[in-house]
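The same chain A turns up in both complexes below, where it pairs with chain B and then with chain C.
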Partner chain A sequence: MATATFRIWRGEGEQSAYVDYPCEVEEGMVVLDAVHRIQATQANDMAVRWNCKAGKCGSCSAEINGMPKLMCMTRLNSLDLSKPVTIEPMKAFPHIKDLVTDVSWNYEVKKQIPPFHLRPPGADGTWRAYQKDVDRPQEFRKCIECFLCQDVCHVLRDHHMHEKFIGPRLLIHVAQMEMNPLDDGNRLEALKDEYNIGYCNITKCCTKVCPEGIHITDNAIIPLKERVVDEFYDPLHKLFKIFK
Partner chain B sequence: MSTIDVPLKALKSPPPPQRPFGRTERPDLWWVQPLLVFLGLGAFVVYSTWAAFQGDFYRFGPYLSPMYSPVLLTTRPGWWPAFLPFSAALLILWAPGGFRVTCYYYRGAYYKAFWADPATCAVGEPRKSYWGERKWPLLLQNSHRYFLYLALLFLVLLAHDAWNSMWFMVNGVKQFQIHLGTIIMIVDPILLGGYTLGCHSLRHLVGGRRDVKGGARKKTYDCVTCLNGVHMRWAWFSLFWVMFTDIYVRLGAMGIWTHDWRLF
Partner chain C sequence: MPGYETHEYDVLIVGAGGAGLRAAIEAAAAGVRVGVISKSLLGKAHTVMAEGGMAAALGHVDDRDNWRVHFADTMRGGYYLNNWRMAELHAKEAPDRVRELEQWGAIFDRTPDGRILQRNFGGHRYPRLAHVGDRTGLEIIRTLQDHAVQQSITFHMETTLLTLLNSGGRCVGGFGYERERGRYKLFLAKAVVLATGGIGRAFQITSNSWEYTGDGQALAFQAGAALRDVEFVQFHPTGMVWPPSVRGILVTEGVRGEGGVLRNNEGKRFLFDDVPENYRSSTADNAEEGWRYTQGDKSARRPPELLTRDHVARCIRREVRAGRGSPHGGVFLDIAWIKEKLPNSVEHIKKKLPSMYHQFKQLADLDITQQPMEVGPTTHYFMGGITVDGDTQMTGIDGLFAAGECAAGLHGANRLGGNSLSDLLVFGKRAGEHAAAYASNHAAVGASAVGDQIASAIQRGEAPFERGAQGENPYAIQHELQEMMQNLVGIVRTEDEMEQALGAIAGLRQRAAKVGIGGNREYNNGWHTALDLDNLLTVAELVTRAGKERRESRGGHFREDYPDKDAEWGKVNLELSRGPNGAIESRKIPVRPMPEDLLQAIEENK
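Entry: the complex of A and B
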């Protein structure tokens, strides 16, 4: 059985620091398995959030070798075990203890976004929608709210603009409603002035780290930016609307 | 209509402070990609600026350099500023240039490579302040769709140039021939077509703006989406092919390259 070193961020507040843990590893293990083994054998008080171990609950988000990832979906054979594997908590949110961060900001902001608003029924009294039209918003429903995209977004991570920018996760939440054929809510003004979609400078980092493979930038953020352009920055579009 | 009447809440406590520039725990060669983008885009900007100011050697037989097409004027007009050297390329290059500068792919690429905003994902940034694309002059990035309209026009013009590149003057008579240069001239609008027709703004205009899409609209939207999925590759291939085509025409016009082989 081989041994690998895991350099884990331990502690609370300013008392936090990296601690190296040697750990026996076996074929088929993921990072979360190693963390659990360390917790069971060497660090019983280590705080780590996890639940499904199947990449569907979004609980075990962390930064593995500097990149936001789910610990349960990162196989050890994808990492260079000849060097210490760094495991840190997410950087875009307040640190609580060890690998656990307070992600409640995301839920609080989500509550402030106007919910789905059902349009009036069609002439036949029903709300029919075709699958081909529903496919687009359904991609965004795959989101497991792991908040890795929020963590890697430099607007939140480096510039801490949580008061001004809602981040990629919540932008796809808005896109999911905006692009739903049964929704008639209009969130474009809020996207421009409240959620400040203009802060996104299309680095595509959110798309890169999404464990569900959602095309956050290409399918949600850029189409929303284009809708904002329609509404506020395109004089020709305004002209067409007048004559329509 | 929904309205927002509650400002976004701040965090209950602050997240960790911003890391210094270049600081990361990533052990991979994260700096390679932004460096390659910097070198690639930098090389194109330097070459295209030099080529645009040459004002000569842009025609070689039936070939016309894409950096000079369409040729609107061949002589310096009276209104041309005295301090600026005249070149036919300067009259038209702003349009395809503007299309690329405001392109969603290139924006993300040059913000990272030239402005380190961020240099790449999960790496510390050099600046504390950040405006994004909300303020002047980056607000102008929203004009991308207008440059798209021009780029579509240029696509037709370059396809016409490709057609012209098949007709060679032989003893005063136009004759259909295919040379190496013809192939280069044909590949140019094909690559530019892949890039332009996969544009995010075009995707929005042909159907993305609607939540309900009918048959033809949905098919068009799906086609643009298909090209859009590899927009980055089209962007790079077409960029370098434009440069390569100009080099080929220029070397031929200067008499340095004389092997424009006839294929049939």
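Entry: the complex of A and C
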């Protein structure tokens, strides 16, 4: 059995530092397996947030060799084990301890976004919708809320604009409602003025790290930007509104 | 002694999966103050992992379906040990619970005429599962979560109970701790709903997430409530078997619903050889008919791969034992073969089973559109649990309710796939409604009434730190328990092995009493693991004791030494509770006679 070194961020606040742990590794292991093995044998009190270990719950987000990933879906054979593998908590959120961060901001902001609002039923008293019309919002609803997209978003990570910008995760949350044929809510003004969708300069970092492969920028953010432009900046549309 | 925060609610809900969230929404709608405790962050509970769908007789795909057929299917799947009242309510109310989700923003897959699509699943006569690809659980939990946070409900995320509180014979709240800062919290409530899920983490190979340590079952048992049907543990036939580190991760039954077949290493579809008598008339006897069934041909009978989970799991085990298994100790599940039938099979599989495609691609380097998967049984679901009243979900303790997987009754000896998500919603709603009503008619008690219970809970919480890092390693005890239960009380059981298991549990209990942990209370996973051990050991002992007592094979309980069903055992449920001296006491409870109308529903769907 081979041994690899895992360089894990341990501690709380200023007291934090990397600690190297040797760990035996086997074929097929993922990073979370190694972390669990280290936790069970060498670091019983290590803080790790995880649940399903199957890529479905989005709890075990971390930065592995600097790349934001789910620990449960990162195979060791995708990493260079001849060097220490660094594992750090996400950087865009306040640190709690070891690999765990405080992601409550995401929950608080989401709560402020106007929720799904059911449109009136059709003529037959039911709500029909066709598969081709729901394919797009269904793509966004694949989101497992791992917040890796928030973690890499420059607006949040580098510019700390959490007060003004809701980030890619919550933009696709808005998109799945705006594009749901059963919803008749309107969040365009909020997108422009409160969520500041304009801050996104479409570098697509969020899309690159999405473990669900959601086309966050192309399919959600850009179309939402277009809707905002059409609604508030299109001169023809403005004229039309005046005369309506 | 460390201090604690106090929170007061009318209704306290323990658990924020499907059942807990639905209960919270219902209780809040009744206008009472609702608090929810969740062991993890919101939206991460085990419901998120449900894949195949939610069973409800909407009749959108086959209009012959109705609640009577769903009821009969559920009872037959459960070998008639179900609480028939729950099976009746479940079959009648599930369609409304599905529609309601859509009205709260869920987006199910659609039929060509724009309604909610339904798919085939094991043991269901007609296509009945409302679904979203193979991520139905995610859709449901996200919908409930997003809806619930807009109601007047207070959430305590990453919080776990150490004990329920009792005063004057009533449950009046709970005492626990939050993970982030390790602070203790007192919750005083007029009614408490347990919605804590299952016990899969008592076994080594499981599809369940880390939270599933039998918390609700153990808390209720310690508080004096009765548990029933705990010998019935569901081993899902298809979990991943390779690589070793992902062993147990679920492979949805939806693969078989979409036409996937099970083969041994001789390439043979071995399930055709062994169809139980009571399913023979409704099961296809050739491959072509089975395929037509999966493609919606109403004149075709279902392929044997869609027989009930207990049966399929045992057949897989038999093939492996007989040396006809796959290289890593499973059998082959093949969906790639449908390329012979569908020209666009690759896109079709990716669209219908996206999570499965990614799961195998990422974790096993395998493309399921081209190659067969290797699968084997994995601990999946706990049919048994806390005994509840079918209508109100109240347990044997006043003011204590239970819903979802931690409650028992709906599924009898074996659960049908798809009946779990609907269970959560139907009985979560009922529990929330009745808990709110109960709370409105009862007064709260003050902390002084439960002072001793709080002190002893804190003492238990602090003990692992007092022993420190030189105490027993909590992870080691947990791993040994899991391995032991897997080997001795798993998919096939014997008297001798279960006797050995009871001895092993007693030994582990002694070691658990010396468990120690270093560091402090702040987000300390070792501490959480140490505190969960009591619950795991309690449910492990209950499962083993009941398994030893039921000397027959039925549903999720298979005994090599008593391989057949026994008519006498078919008439009773086993109920376990805590005796005056703390020991487990068991009783045989006769199955209640069914009303004429329900008997007729079963007869007309034979």
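Some observations on this one:
Note that in this section the second predicted complex is superposed on the first by the 238 of 244 C-alpha atoms of A that agree within 3 Å, B and C clash if a C-alpha of one lies under 4 Å from a C-alpha of the other, contacts with A are read in each partner's own complex, and residues count from 1 in each chain.
We take it that a contact is a pair of C-beta atoms (placed from the backbone, for glycine too) under 8 Å apart; a residue touches a chain by one contact, two chains touch by 3 or more.
What you see is a predicted model; the values in this text were computed from it and never measured.
Of the two partner chains placed by the overlay, only chain B lies in contact with A:Asp234; chain C stays clear of it. When the shared chain is aligned, chain C comes close enough to touch A:Gln138, but chain B does not. Residue contacts after overlaying the shared chain place A:Asn180 against chain B and chain C alike. Legend: residue contacts after superposition of the two complexes on their common chain; A:Gly58 is shown touching chain C, with no touch to chain B. Legend: residue contacts after superposition of the two complexes on their common chain; A:Asp102 is shown touching both chain B and chain C. By the document's definition of touching, both partners, chain B and chain C, reach A:Tyr130. In the superposition on chain A, the residues of chain A contacted by chain B and by chain C overlap at 102, 104, 129-130, 180, 183. Across the interface of their complex, chain A is touched by residues 40-46, 48-49, 102-105, 107, 109-110, 112-115, 117, 132-133, 135, 137-139, 142, 146-147, 149-150, 157, 180, 207, 209-211, 242-246, 249-250, 354-355, 358-359, 362-364, 469, 473-476, 479, 517-520, 522-527 of chain C. Those residues of chain A that touch chain B in the complex are listed here as 63, 65-68, 80, 83, 86, 88, 91-95, 102, 104-105, 108-109, 112-114, 117, 129-130, 132-133, 136, 152, 154-166, 178-181, 183, 185-187, 190, 194-196, 198-205, 208-209, 217-218, 222-223, 226-227, 229-230, 233-234. Interface residues of chain B, counted against chain A in their complex, comprise 1-4, 6-16, 18-19, 24-28, 104-105, 107-108, 111-112, 117-118, 120-122, 124-125, 128-130, 132-134, 139, 142-143, 145, 200-201, 203-204, 208-209, 211-213, 218, 228-229.
Taken together, the chain A residues at the contact with chain C in this complex read 12, 26-30, 33, 39-41, 44-59, 73, 75, 96-98, 100, 102-104, 107, 110-111, 115-116, 118, 126-131, 134, 137-138, 141-142, 144-145, 176-177, 180, 182-183, 213.
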